Structures are given as C-alpha cells and as structure tokens.
Amino acid sequence: MSAPSAKPISGKVVAQHNSRESCWIIVHGKVYDVTEFLDEHPGGSKIILKYAGKDATHEYEPIHPPNAIIDNLPREKHLGPIEEGTAEKIEVKITDEERARLQRVEARPPLAEILNLHDFEAIARLTMPEKAWAYYSSASDDEITNRENHAAFHRIWFRPRIMRDVTVVDTSTSILGHASSMPVYITATALGKLGHPDGELNLTRAAAKRGVIQMIPTLSSCSFDELVDAAQPGQVQFFQLYVNRDRAVTKRIMQQAERRGIKALFITVDAPQLGRREKDMRMTFDAADPHEIGKSGGDQVDRSRGAAKAITGFIDPGLKWADISWFKSITKMPLILKGVQTWEDALEAYDQNLAGIVLSNHGGRQLDFARSGIEVLVEVVEKFKEKRGITFPNDRFQLFVDGGARRATDVLKAIALGATAVGIGRPFLYAFSTYGVEGVDHALQILQDEFEMNLRLLGAQTIKDLVPNMVDASNIRSHLVTVPSDQLYDTNYEGMQPARLRELKAKIKL
Amino acid sequence: MSAPSAKPISGKVVAQHNSRESCWIIVHGKVYDVTEFLDEHPGGSKIILKYAGKDATHEYEPIHPPNAIIDNLPREKHLGPIEEGTAEKIEVKITDEERARLQRVEARPPLAEILNLHDFEAIARLTMPEKAWAYYSSASDDEITNRENHAAFHRIWFRPRIMRDVTVVDTSTSILGHASSMPVYITATALGKLGHPDGELNLTRAAAKRGVIQMIPTLSSCSFDELVDAAQPGQVQFFQLYVNRDRAVTKRIMQQAERRGIKALFITVDAPQLGRREKDMRMTFDAADPHEIGKSGGDQVDRSRGAAKAITGFIDPGLKWADISWFKSITKMPLILKGVQTWEDALEAYDQNLAGIVLSNHGGRQLDFARSGIEVLVEVVEKFKEKRGITFPNDRFQLFVDGGARRATDVLKAIALGATAVGIGRPFLYAFSTYGVEGVDHALQILQDEFEMNLRLLGAQTIKDLVPNMVDASNIRSHLVTVPSDQLYDTNYEGMQPARLRELKAKIKL
Amino acid sequence: MSAPSAKPISGKVVAQHNSRESCWIIVHGKVYDVTEFLDEHPGGSKIILKYAGKDATHEYEPIHPPNAIIDNLPREKHLGPIEEGTAEKIEVKITDEERARLQRVEARPPLAEILNLHDFEAIARLTMPEKAWAYYSSASDDEITNRENHAAFHRIWFRPRIMRDVTVVDTSTSILGHASSMPVYITATALGKLGHPDGELNLTRAAAKRGVIQMIPTLSSCSFDELVDAAQPGQVQFFQLYVNRDRAVTKRIMQQAERRGIKALFITVDAPQLGRREKDMRMTFDAADPHEIGKSGGDQVDRSRGAAKAITGFIDPGLKWADISWFKSITKMPLILKGVQTWEDALEAYDQNLAGIVLSNHGGRQLDFARSGIEVLVEVVEKFKEKRGITFPNDRFQLFVDGGARRATDVLKAIALGATAVGIGRPFLYAFSTYGVEGVDHALQILQDEFEMNLRLLGAQTIKDLVPNMVDASNIRSHLVTVPSDQLYDTNYEGMQPARLRELKAKIKL
Amino acid sequence: MSAPSAKPISGKVVAQHNSRESCWIIVHGKVYDVTEFLDEHPGGSKIILKYAGKDATHEYEPIHPPNAIIDNLPREKHLGPIEEGTAEKIEVKITDEERARLQRVEARPPLAEILNLHDFEAIARLTMPEKAWAYYSSASDDEITNRENHAAFHRIWFRPRIMRDVTVVDTSTSILGHASSMPVYITATALGKLGHPDGELNLTRAAAKRGVIQMIPTLSSCSFDELVDAAQPGQVQFFQLYVNRDRAVTKRIMQQAERRGIKALFITVDAPQLGRREKDMRMTFDAADPHEIGKSGGDQVDRSRGAAKAITGFIDPGLKWADISWFKSITKMPLILKGVQTWEDALEAYDQNLAGIVLSNHGGRQLDFARSGIEVLVEVVEKFKEKRGITFPNDRFQLFVDGGARRATDVLKAIALGATAVGIGRPFLYAFSTYGVEGVDHALQILQDEFEMNLRLLGAQTIKDLVPNMVDASNIRSHLVTVPSDQLYDTNYEGMQPARLRELKAKIKL
C-alpha cells in the first residue's frame, strides 16, 4: 500500500506515463506504476497498455478480486492517490454491436415471463456482454463433461408413489446442521461483477430472503468482508477455498473466515491447474491485436487463456492428503472437499474424518470426460455400503453434488439417491446478470414452486421421504455414442410426410 | 343461483359496471357481479375485466365446466337474467393471424386423405386456435415424459408368427366385462369445447357408432348429463373422477354417475397438484398485458398458469389409501385407479380388491421424468407373477395403459404384454377439432383397419391370441442419452455425397 | 377370352362408350367392356374413366400382371380386337414437372461414376416417375422396419484377420446346390415395368452375365414365360409364390414352374394381407380427384391403397402349416418359406423337412416393427444349436436373409453368422430404372469388386472362410431410442466453434 | 536410368510427341517416353496426355514416390535430360475457385489462434487444394470406421484422482526403448507433398525439436534418404513397411533402413488390397473427362480409384504368418505388426516373439466396420491376462494404437488401458498443410500442454501413474444405432421455446 500521507498526483502527470517504457494506471483512485509488471500480467500487456496513463478501474473491476493489484505489485509501485477530477477522461466508444446488445437488454421480458431456470440463460445469452457470457458459459476442451453434467440427470427416471396425503409438503432440510428452505445451496462461482455491478451481493441478498445458504468463492468480485457484512443476522454462509501456494495466505484466509462466522469450508480439490476453456480463449483473440498474439510464439501459449487465467496462478498444485491434518490444526470449521470424483477418494475423505464431499467436476471446466457428479454419487453410495456398511443421507459425512441441475426434478433425483443437497451455480449468475437481485429471488421462487409440486407428484411430504426406490438410475453409467450415420443411405431415404393442406402438397426434394 | 323470479336487467345497466371497482359480466344470459372475485380468478383479473359490463359467454364457455361460475360465486352475486337483446355488443376483431388460420381451416384436406392418427394432429396444429392447441398439446416441464410415452413403444418390437389361418380376424374384446369392438377406449380429456363447439359429444356419438367405450371426464366442457343423454341405448360409458376436497361433492357426483348407468369409475391418482405446462403458460402471457403480469410479482406466480389452472383448484391433494374403503362404501361401480406408476402401488391396489388400474402418467402432463405406462406395465406384470403368482390379462384385476399410442401396433404391444386395453386421448381431440364427429369416426375406422391388418400380420385371429412372446420388450428400461456431440470434430467432417446429376456437382461447403 | 373369330371393332364405336354408364377400354389391342367392373377396380374407377373409350394400354401395362384383365373380366365382356389404327388418339400432356424430370433423366451421370448401390437410388429418386418411385420405395406404416433393416447391419462389426495369403480370393458359393458367383441372389420384387419398359427382363439378362440367381416374382410385369425364355442355357432361376385363395391356380402355377425348370420355390408367408404403404397411398390422392375420394367415405377406405393394392387381392390369408404336405404332394422342387421371423417358426419349417427359409420382413412392407432378418438370423442360429444341435451354414436346411443390404459388407456379416446367401431387391430395381440392363450389370460388378476386396481385408480366401468370430453381433438386439431432447437446454447451449479465417469471426447467434 | 552421357533433348522435339500415338513427358529435367505406359497408368491415361510433350513435374511430384517413374519405366524409355530452358511452357490457368482458395490461404488466422488439433483441420478444409484434401481426409466405403475411430474414445470416461502432489508432472515416456517427450508418435501417412512442398520433412524437423519419434512411410513423397538425412543427431525414426510382391525389393529396403539407423520396423498387415475411398474416387471424376471414363466400362472400374490407387499396386496380398521368420532372418530391427485387429492375431504376434503390435484399422481407410484400435486394445489386454497372464504396458511386447486421436485425453485413455503410445497421423498432415513446420511444432506444443494439464487433473505425476482404474471403458463395445425416427410424430411435435425478448414472440411454424 502507498503510504497514507502520499500527496495526490495530478492526472496530467499520470497521462505522460502512457507507454511501454513508462506505464502508470489509475485503479480505484490510486496511481500505480505497472511498467515492470506488463510482461507478467496473465491477461497480457496489451489490455493494460490500452489504459496507460488513464483510469483503468472500469476494466479492472469485474475481472479481478478486490485486492489483486495491491497484493501483486511491490509497495514502491503504489504511487499514491490521484488528484480528484484530474484523471484523463476515457472516451467510451459504443460499437454497433454493443448498441444492439443494449437494445436487447431493454427488450428483456418482464420477470413474470421467466418460467424456469433455462429462461434466465436464454435471456443472458442475448443480453450479457460477450466477454462475460464467454467466461460464465465456457467449459474445458470440447465441453463434453459440461453438457454431460446436465444429460446425466436425463438417464434417471422417477418411480412416483400415489395415494399419500400431500396436502402439506415441506421442502426444507438441514445442510451440515444448518436450516435450508430447500435441498439446494448457491455454490461458489468467480467474477460476479462481470455480470452485474453488485456481483455476488445479489446472491447474498436473495439467499437471505429465501432462506438458502450461499457459498462465498475465493475468487469473488466483491470482497469477502463485503459479502459477510451484507448477510442478515443468522444467515448462514459457507466459504469455498482455493489453497494458495503460500500456506500463510491460506491460513490467514481461513482464520478470517472462521472469525467472521463462516459455517463450513469447502476446499476445492479438482483444480491443481486451470482447465482449457477455449470459448473464453477465442474471445480474448477477438479483443486483442492478432499481431502481438502472433509474436508471443509457441512457448508462451499460456499468455492468452482468457479471463480466468488472470486470477488463478496462485492455486497450489501440490495439495495432498497429508495436508488435511494441517487444515484441521488451524480451524474448527467443518471441512468438505469439493471436486471428489471417485469412490476411492470419497472413502479416503471419510476415513480422514472430514465432514463431507462435493461430487463435482467444477461445472465441466476442468478435466473433460470427467463423469458427472450425479453418476459418481451412485458409485459412492454403492461402495460405502459395501466397504463401510453405511447409507446416505448421513449426518456424519454428507454428500453434495453440483453441476448441470436446472430443474427441481434434477435435485430430487440426487436427494433420492443419497445426496444431502445440490449446489447450483451458473443459473444464479444468469439470473442476476439479467435481472439483478430480483432475478435470483425469482429463480429461487421458481425452484421452491417446483420442489413443492414435485414432492406432491412423487408422493413425498418431506425431503426425508425421498428414497432410492423412487428413482430408476440403472442407466446412469451408460455413456453411449451412436454409430456414425450412414450418410448415403440417409440422404436417399425419402422421409414420411404428414397430411397437408390443399395446395400445399409436398414436392420431391432436389 | 339467482332467484327464478329475478327481474331481467337491462344491458345498459350492466354496461355501467365495467371497471375494477364494479365489474358485472353476463354468462349464458345471466348477470353476475364478479367485483370481489377478480383477484381470486385463477386465470387472472385481466381476462375478466376485458368483458366487464359485457357478455363473456363466448370466452367463458370452452374453458370452464358448465357450472363453474354458479358454483364458485356466492348466491347474492347472481344478479339475475339479462333483458333479452340489450347486452352490449362485443365487436370481435379478427386479426390477420386469425384470418390466416381460418383460411387454413378452409384448406383442410378431404377426410379420406387422413391416413393415420398422426395426420389429424398435423392438421390440428395448423388449424386450431393457438390457445386450444397449446392447452391440448402441452405437457409438464420439458415435456420429456410426454414424448417418452410415444418413444417407449418404439423400444418394443414384434415377433410375428406365420402360417396361421387369418382369413377371419376378430378385433373385439371385453373391458371390465363390457364388449368393445377393439382393445381401445376413449380416455378422459378436459375442455372439449376448446376444439369444437360440440365438445365431448363428438366422442359420445362416434363411440356409439364404432362400438367403443368413452370415459367421461370430470372436467368435460359438456355437462355430464348431456354426455349420458347423448348415449345410444346399451352404449357403455365410464367416468373419470377428480376427487374433490369436499367429499360431499364427490359423493354426489359418484352417486349421480352410478344412477345414470356409468359402468366403472376411474379415480385419478396422479394429480394431487397441477403439473407446470409451460407452453400453455407462455400462451397466457402472449394474450395478457405484460405490465400487469409484471406487477403480480414472485409470490403470485401461480396467477398465470394457463387454461388448465382455472379448473383444477378443487382437487384434493390429501387423497390416500385409507380413503378406498369410503369409496367402496358409497358405490357398487367397479373402482379403477388411474395414474399408477410403480408395481408397489399396483400391488396395493390389487390387495385392496380394486377392479383394475391404469398405468398412466397423465399424458406427460404431471411429473416430468415419470416413466411411460407401457414401461411400468412390464414391471407390474413381472412383479405380480413373482409376488402373487398371477398372470395377465386377468379378469379379476385388469391392467390398462394410456399415453403416447398412435398406431394399432402400439396398442397391440401393450395387449401382448398383458394389458386389457389402451386409452387414447389427444388423437381423438385432434380428430374432432379438425373434422368434428366424422373425424372421430374416421379415426376409429383407421384404428379398426390397422388392428385387422396387424392381427393378420402377427398371425393372431383374436385379441386373445396376442401373447408375450410375440414381442421383444427387452429394451424397455433403456433410458438412453447419447454422449454430447463433439462439435469441432463434427464440423470438420466432410460428409459423404451421393452420385449427382451432371452440372450439379457438389462444391466444398464454406 | 373373346372368340378368335371376333370381328375387329372400330375406334369410333369404342369412343362412344366413354362414360360411367357405358365404359369400354382398349388394352393390348383388345376391346373390353368394363362398365360393371368400375366399382370393383381396386385402383378406383376414376383412373379407368380417364381412358373410357380409349386405349389404356400405356397406363395399364406397368402396374398389372400380364393377364390381369383377361383373368378378372367375364368372357362376355371381352368384346374383340380393335380395328387397327382406329383407336382414338390419347393426347399425352407433358406437365412442367414431367418435363423437368425428363431433363433430369438426361443429366444422369455416366455409369462409371456410380460407385456403389446407394448411388443408383440417389439417381432413381431424381429421375423415376413419382408414382414408380413411390411404389418401389414405400414401406408400411411409419417405415420403421424398412429403415431398421439397413440399420441393423450397422450394429454388427468386423473382427478381421491378418497375415493370411489372400492373393487369390474366390467369391463364389453354392445356393440350394446351384453355383452362384457371389453369396447374393436377386430377390423377387413386383411391377418391374414401372421402372423400365423391359421390366424384370433386365434382371434375367444381367444375372446370366454375372452368374447370379434370379428369383422370379409372382407379380412380375413380364410374364413368367418371357422371363424363363430369356434365360441362358443352364441359367438358374427360382420362383417366388404368392399362394392363391384358389389352390387350383396355385397348383397350375407350381406345375408350370417345375416344368419350365425352376430350381426352387420360395413361398411367401409374411403377406396374408397387404401392409399399409402410406407413401404409395398419398401418391394416389395426388393423382386423383379429391372430391370423388371424399365421397368414398370411411367404410371404403381400402379403395385407395396405391399401386400395390390393385394386384394382391388373390393372396390367401388362410395359408397354414397343414398346407405344407399339399405343396410337397404336387412338386419335387425344394420348398423354402419366405418371410419367417422367429426361431419358433424356423424350427417348425426345419422339422417339416423344408429346404430352407428366408428370414425376411418383406422389405419392411408388411408389419411395421417386425425385426430385421439379420437380427432374426442370430436368434435362429442360437436356438437351432440349443434345440437341435445343428450349426450353419447347413446344406440340409439353408438360411437366407433379405432386406436392407447395400454393401458387400452387409452380406458378409450375414454369411459369417450362418446365412447361405442374401437376397437383394430394391437396389437392382433402381439400377434398371436408371440405366437398364447395364445398370444391373454394373451393380453386380460393384458387388463383385466389394466382395473380393472385403474377403481380402477380412483375411478370407473363400466364402467358407467366413466364420462367426469374424463379427461382433453382440449389439444386434439393441433397439434403442434416445431420451427425448431437452430443447430448452439445447437451445441455450452455445456450440463450440473452430478456428475461423480472418474477417469471418463467428458472431453470437440470435 | 538413362545413361549419364545422354545428350540433352530439345523441348521442341519433346513437344512433337504430344499424342496417344507418341507421348513423351518431362519429369525432374528428364525426358521419358510413356506411350506404351499410358494404358497401365493406375491414374488413367488422360492425366498423362494432358502433359504430353510438356513438363509434368508439377503434377507428378506430390502424388508419386520420388522414384516411381524411374522404377516403373523400362530403361530404354528413359530418353535423357531436357535441354535447359527449352521445355514448352505450361500455362497454368487459375480458375475462379482456385483464386478463391488462395484468398482463403491468405486469410488463415495467426498460429496462436489455433487452439487444438481440430483447428488445423478446420483451416485445412478451407485452404487445401481439393484433391489433396480428398486424399488425406477420405476413408473407405461409408467411412463408418473412420468416424468410429474418434467416437470410440468418447465412450471412455475418466475417474480422476485428487489430492496428489502434481506440482511437477512429467509427460515423457519410453517407446521401444527410446525416449519420447510424450506418449505419442507421428505415424506414417503417404504423399506429404500434396499438402506442402516440403512434404514429410516438416514432420522430421518438428519431431526433432519436440523430442517425438517419426515413423517414415514407405509411400512418402520425400525420399527415404532425404528424411533420414534431415534428422538431428540422436533423433529416433521408425520405418513403416509395405511388403512388396518382390521380396528382393523388400529386403533391399529393410537393409537400407537398418543401415541408416532406423530403430524399428512397422510392417503394415491390414492392406492386402486398397480400400475403396469413394470421396477420393469422386474427385477423380470431377477432374477427368466423363466421356473417357464412361468408355472404360464395368470391367475396368479400378481405373479410377483416385490418388491412392496410383501407388499401391506393388503391395503383396500373399503376406502370411510363415513369412515372419524370413523378416527376422534379414534384420535385427524390432518388428512390429501394424494393423492388428483381434486378440487372436495379437496373441499370435506375441507368440512369434515380435516386439509389439499397432492396433489400427489404417485410419478407417481399409475395411469399413472394422472396430477402432482403442476398442481392440481393451479386448487384447483382457485376453492376454486370461491366456498368458501378462499385463500392460509391457516392455517385452508393446501395444500401440492409432486412429481418431485429437486430444491428449484420447491418448491418455489408451495409456491408462495399457498402450505404450498412440500414433497420430492426419492432424499433423493438416498442420503442415496449413502452416508448414511451424504448424507441426505448434500442434506438438498443444499436445504437450494438454498432456501436462490432464496429467495434473487426473492426479498423475508421470505416464506410469496412469492406471486402468482411472478410466471407465465399460461401454467400449456398445455399437449402438438408434431406432429409426418416427417422422410423423416428430413433425407434429411442437418444440419447447425459451423466454423471448419482447417483440420477438414465437409464431406457429408453418
């Protein structure tokens, strides 16, 4: 940090440092000399140079954690506050495409016409800035796992029971000992301000209103304290932890979390390295100068990994089972591993007396062809029965699933199979990106309605009444690919045609 | 009911009560004060206000059971008859779209060109009013179960026998002891007048002619008595019952049904709450003022559930097995549960000495991802053999299936697997919506022809000759989802091309 | 027949009988009074009335067996020969569509560009008269079995062997004791003149040249004698028999066949009634006057069953196992049942000492959802091993398969699994419809080339070297249907995009 | 070869021999009399006659091995050198299509935008000459196996392990005792100069830089010596051998290979005859005069088999197991069979003490419906365990797989299942066809990056840490075909629609 006594610097002075040779920028009213940092910036030097000598706050804010620049830049490069009102004006040129997008934003349908979580995504796709959409929606490699996460739910079918009194149904449940109005929590996702100026605060506020639990991400756009401060009295929050290569940092974060009342710590274990999210990467090329990219050459291909790369370099790829005791030694918060993907690792977590696991593949953003959480759930439940004789749900060791859920039916399938709750992420991002906090609130209301209806239709009064024989998951392991099409045969086949209105008779297709 | 002696009210007087503050409407020649009912109307206040001070009969009729307004409005709001000829004229504006639709109605092909049940649907889709099409065709959530109902039949294949004398084949059978010309009955569907002014009467009349049984729905547009009155001497009718929260109402309905000669009572057990039929809901938004909808807010999302919501609030979600004895105590009609979806519940129904069950998911309109009736049939037959040693078809306890059947082959698969008959619903709605009673008659003739032909081709002289080893249902439980496509690979693959006419050589696709 | 001495009738006289009241037509130079036959004509009266008083030969010829009119019309309606050159001229109006089709015929690619059997079909589809295309290509109901016939081959994969000397390979084999240059025969198909003026003669001639066996159909356009006369010395022909309700007719046909040197009799057992071929039926409507069709009403729906209906009314639906001894009593030709579809019936045929069976579903033209012949083959071979301890191929009882084969690989799969040979039908129809006898010859050459290549690639020198473990047929019974698509999810998913040329960057899709 | 002392021939003289009667051509500065060779040319006479009397080098070079003309033409037809500068000028007419293609070549994106191996193919498809693209991309028959090769990988899913220290990962491995930077080698593919003037040299150079092994093909466009000469000191190269009918030729080639330091000999065993590559064949028709092709007639159909046919006539279809001892007798190089496709043949190779096998179907270019190498791998590993008790990877007998790999994940699946390495072919062809040696280098860099990332995400530090339970290959044998679609049902179904922007409401589709 620059010394508090530093004298304000004039915008005119800053404006002279506008080149690769000497590059100053303004962020949040402070001036920084980033000349030597240019080549280390994970997002590339070009984007910084665009703001050389100017105020970069607008560009910086949504894609950096609050303290990124302060933490990464040596103290002596913190030059001091900008003299108020003197910073060079940034002229924002609105492109035709951006103008069209803003018109689409205006044309959003009234919230009441949003009938399901899919609808938020449909509107988000049309109205979000392309870069934000690319970051939120992208996944790794060919995005097979990303889509499989949703598809896997479709291999599970219901066996609904009838003639049970479902006049009153209760969708509430308990997650790690804390009440939740439904068996769902808002899972951690990064960079909320890409979608909405209030970022993750939208989630905190709607979660309070609807009685669900929010998991605060390490990589939130809002600061951790902002998000905890925004909580209502008694509102439960969890924290998602990326373990830092510098364990002192991790220790500090954990202790702060515990001090501020976080009720459980979810340690991400599926991200020793960032997955390749090619949609996000292609977006970067569009924004950048192709010639500079061209020069970076094969050895430096990491230079252009999109928004996500900028923020994840600190994550420790050396995290291992032996570290568990260290975590336990410095916190009393329940520890849950997020990103477990085999029964073997699930069993290890159980045997190490952790509080639970999230069966997750990081929303399809890490290893492509990793299996869906819901599939792994079936395997885990089977093997725990066989190896340890225990069944689920189980208070001593709770199973969570995330990835791909869009309907209450998806969640109810996981619950029937043994999960305590299901984490939902992207749909809430799309909800606040399109309608702010009201969007998230409406999304939760939709889920609440769907839960009530589906409990009734399943013949269950409460979450506890959901039992394994209410679902048929016998196809869950079927990863099927159809034989490649016989294109000559298919081209020749003349399709069936229905009755047609007169004067509209079908003609032979040429 | 208004007192018979009430003095006729002039249309001019009614016309003054045309606002939210005082809202009178005319239905079937009677004036009603609905001011206080506006906010309770399941279809929303807007649609009523459109007719404030005017005659709403035309809008009211097709989507309300005959006595809806009489039963729901307190007696003192029944103001009396309208003075003949004085009601304010409604000017019906025909939109361009409606005009185009009416032209399409004129262009319907002659009935002889309708070759199968699919064809009625093809014409209905083009010629029905959009709202009616939306109500009939919609199903719950993502309509997965709706489509699965048909798809499941495609997982069952025939093992036809040869060299049997099939000169004479007989498609007739017996359903709950009553003769039917084929193993099919017309199942209950609501709101027939949405599709045709004669509503369910079209079904009654064609059923008489073709010797099949009609199941009268609780929610018919025509009154129960009208439909019974229209029956020919000896014509068999069943009745579908939604159990009312007020059991006195249910008792009255049941006793009336028995008195009028109904031969069997089908109690719907899969609808403790209405499924979300989003196609139907979206239609409502199109018709309504988005600003008012916007105002209704998250807590009142139920306000806009389309046509169906308006009519189902009375259904009792508290119906339970213990109620069976009550039903038995007040009627001698055979009792059948409609909407059974597991072998466990089927067995319970059997053990409670009911007359049969319909394996049904309500045409995909209730719980999405419920399995098809035909799939459940296989499970039920297997488990009854295992648990009770009985086989099907079985006169003491009959199995029915509905949902998704479009061809006689679909029905014959169910029969071979043990069903007594299959219920068909939507195809007959589309038949009368496009061609009235002649449409239904033609639809039944098509089925009759298909049954005869397919009995011959299967090597069966009668319905009884259809046995389990005439089908291969070994894939029935396969709910398969293919692995998400590899879009980059697929985009790159240059498809095979057939021989082409000269001068028409294929060029590389850009 | 009219008396040989009948005096020629003048065209002028004939021309006066041009109405429903008195309707004479000329066919092959003879005059017939068809007035009373109008309402019995399976193809409807309209098409006859179009030629009332005129020469109908051109229309009659391709869709009737040679003697249809002579056999069906009472002798007294055979009025005698037409006076030469006096028949009223038919003015043939060439429609724009027909003109366009003739241009397409001219644009056929040279035969050398036809690389596979698919290619004939591609050209046939573009160049055949629509009615002929409809008759040849159509199948029953939804044509599921028709397409399954081809698809089933795609569920069987090869296990090719290496390091075997395949310098010389021999594709020849023996079918019912007769030499064939490849394990393929030309199966029976009806109405060859619809596609080419020489009809089935094209097949006879090419079969002679290429050393394959032709199965002559009961319903050939050319007369049986023409086809036998056209055979080369030593050329082997089989005969396909539809059993007539009048067994005297059948006896006469069989004895004629035996006398003329037919080597085996294939009795069709899968067609007690004609399948519904809706494509063919729709074509009829296009050609006919919709008002007349409209009048025919529900009870007479059979009036409009397309080309095929006209010719199959004589087939006996009463054919049964007990009839086998009668067949044996009147012929020494080997008897084969064509259209067996279960192992049970296959075993019965074996136990009745027949010479073989064709596992066939009539090219998908009879019972829809019948399984493919190749699938039934696997079941039959398994069960014969289990029940009788015999293996295939087997000279005492030969198995044939037809339906869906387009490549030599299809055929080789059947051979490896135990079939003696595979029947191919439609591809040869398309071959002569597009290129006459040279087309059939080229088709057989293509197959010959494919057989040689694939024998080499499989590591087999001769047909006998094809053994079961050269194929993996473990998926043959999988009749899979994928779960209905999640359309909202799929619509929202933004597909992967490949690298693009500069200036061609992908834009967001609206 | 022509005598060194031969006197240069003037271009004017050559130009007079420009007809079918006397046809001379110039290749690489030498004049040849090819008059008598015209009808033997596998590529047809037409293409030669186009260059009669002229310099054909440009056309000849990319599709013939360097010495093709010298080896195939009798010595007396080698007329001597052309007199420098006198050869008739070829006027190269650039078609509009070629001009458009060259513009597309110019518009290639910078290499840094190529994110994966798919991207090279996407650009190659748009920028390569059509003939070259057809040769590289085509496969046999319906190209089912070609696509199955890739699809099969999609039936295998990962079981990634967590909490393992993956700070340092090592992608290197050992292939037949030689170091490789990753478990991948560049497999043999023919005719490199079709794609780039430097042909296979691009591969040699990039392989050196990236530390991977190149397999030199028998049918390289560059000469064997050129490719060995270009290797860096210590660079390992393998050689792929097509066994010649003339074993003396094969012996000479093998001894030259051993002498030049080739480290292993891969004998191709899946190509006793060339597969039918119809895409390649159709390209030939486009280029040729259809009338001449027409004349060639049925018996000579082999005349037009595209680029590949020209070069493979020498391959011995008589190669057999008994020949193995001969190979061993003349070389000490390890022998590997390339193209093994069953466990039975794999076991034979093992029992004959070979060094390994490549489970391959020749990139789908030989027997269609051959199974993928990755599928055969699973079978081989299972059966070796059962029959010989050995497991893989195994230094004494190494398993390789090629075909369809596009991502490091594909390769890692094979490694986890027991393969030593995976061969990649076409992607490198596309890489140098679009960006030359830098393209191949970039492709290898991408793979290297993907390997590192995926090792981390799998929880593996080294290649040896990849074990069978890291994958689920239980669906590998599922060759599934879906039931043919019900087109009438599908046409009638009105799809779900998402929320829409205002003014964009969906309308009924006609």
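For clarity, chains are labelled A, B, C and D in written order, and residue numbers in each chain start from 1.
In the analysis below, a contact is a pair of C-beta atoms (placed from the backbone, for glycine too) under 8 Å apart; a residue touches a chain by one contact, two chains touch by 3 or more.
Model, not experiment: these values are computed from the prediction.
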item: Shared interface numbering between chain D and chain C [over half = same, under half = different]; value: different
item: Size of the rotation, in steps of 5 degrees, that lays the CA trace of chain A over chain D; value: 90
item: Selected interface, A-B versus B-D, where C-beta contact pairs are more numerous; value: A-B
item: Chain A and chain B: spacing of chain centres that average the CA atoms, whole Å; value: 42
item: Separation of chain B from chain D, taking each centre as the mean of its C-alpha atoms, in whole Å; value: 59
item: For chain C, residues contacting two or more additional chains; value: 109, 113, 115-116, 118-119, 121-122, 126, 142-144, 147, 151, 154-155, 278, 282, 290, 478-483, 486-489, 491-492, 496-498, 502
item: Partner chain B, residues of chain D touching it in the complex; value: 97, 116, 118-119, 121-122, 125-126, 130, 133, 137, 142-143, 147, 150-151, 154-155, 278-279, 282, 286, 290, 406, 480, 483, 486, 488-489, 491-494, 496-497, 502, 505, 507-508, 510
item: Chain C residues within the chain B interface of the complex; value: 104, 107-109, 113-115, 118-119, 121-123, 126, 141-142, 144, 269-270, 272-276, 278, 281-282, 285, 290-291, 293-294, 296-299, 301-302, 304, 316-321, 323-324, 337, 339-342, 344-345, 348, 366-371, 477-484, 486-489, 495-498
item: Touching residues (chain side chain C, partner chain D) in the complex; value: 109-113, 115-116, 142-144, 146-148, 151-152, 154-167, 407, 409, 413, 438, 441-442, 445-446, 449-450, 452-454, 456-458, 469, 472, 474-475, 478-482, 487-488, 491-492, 498-504
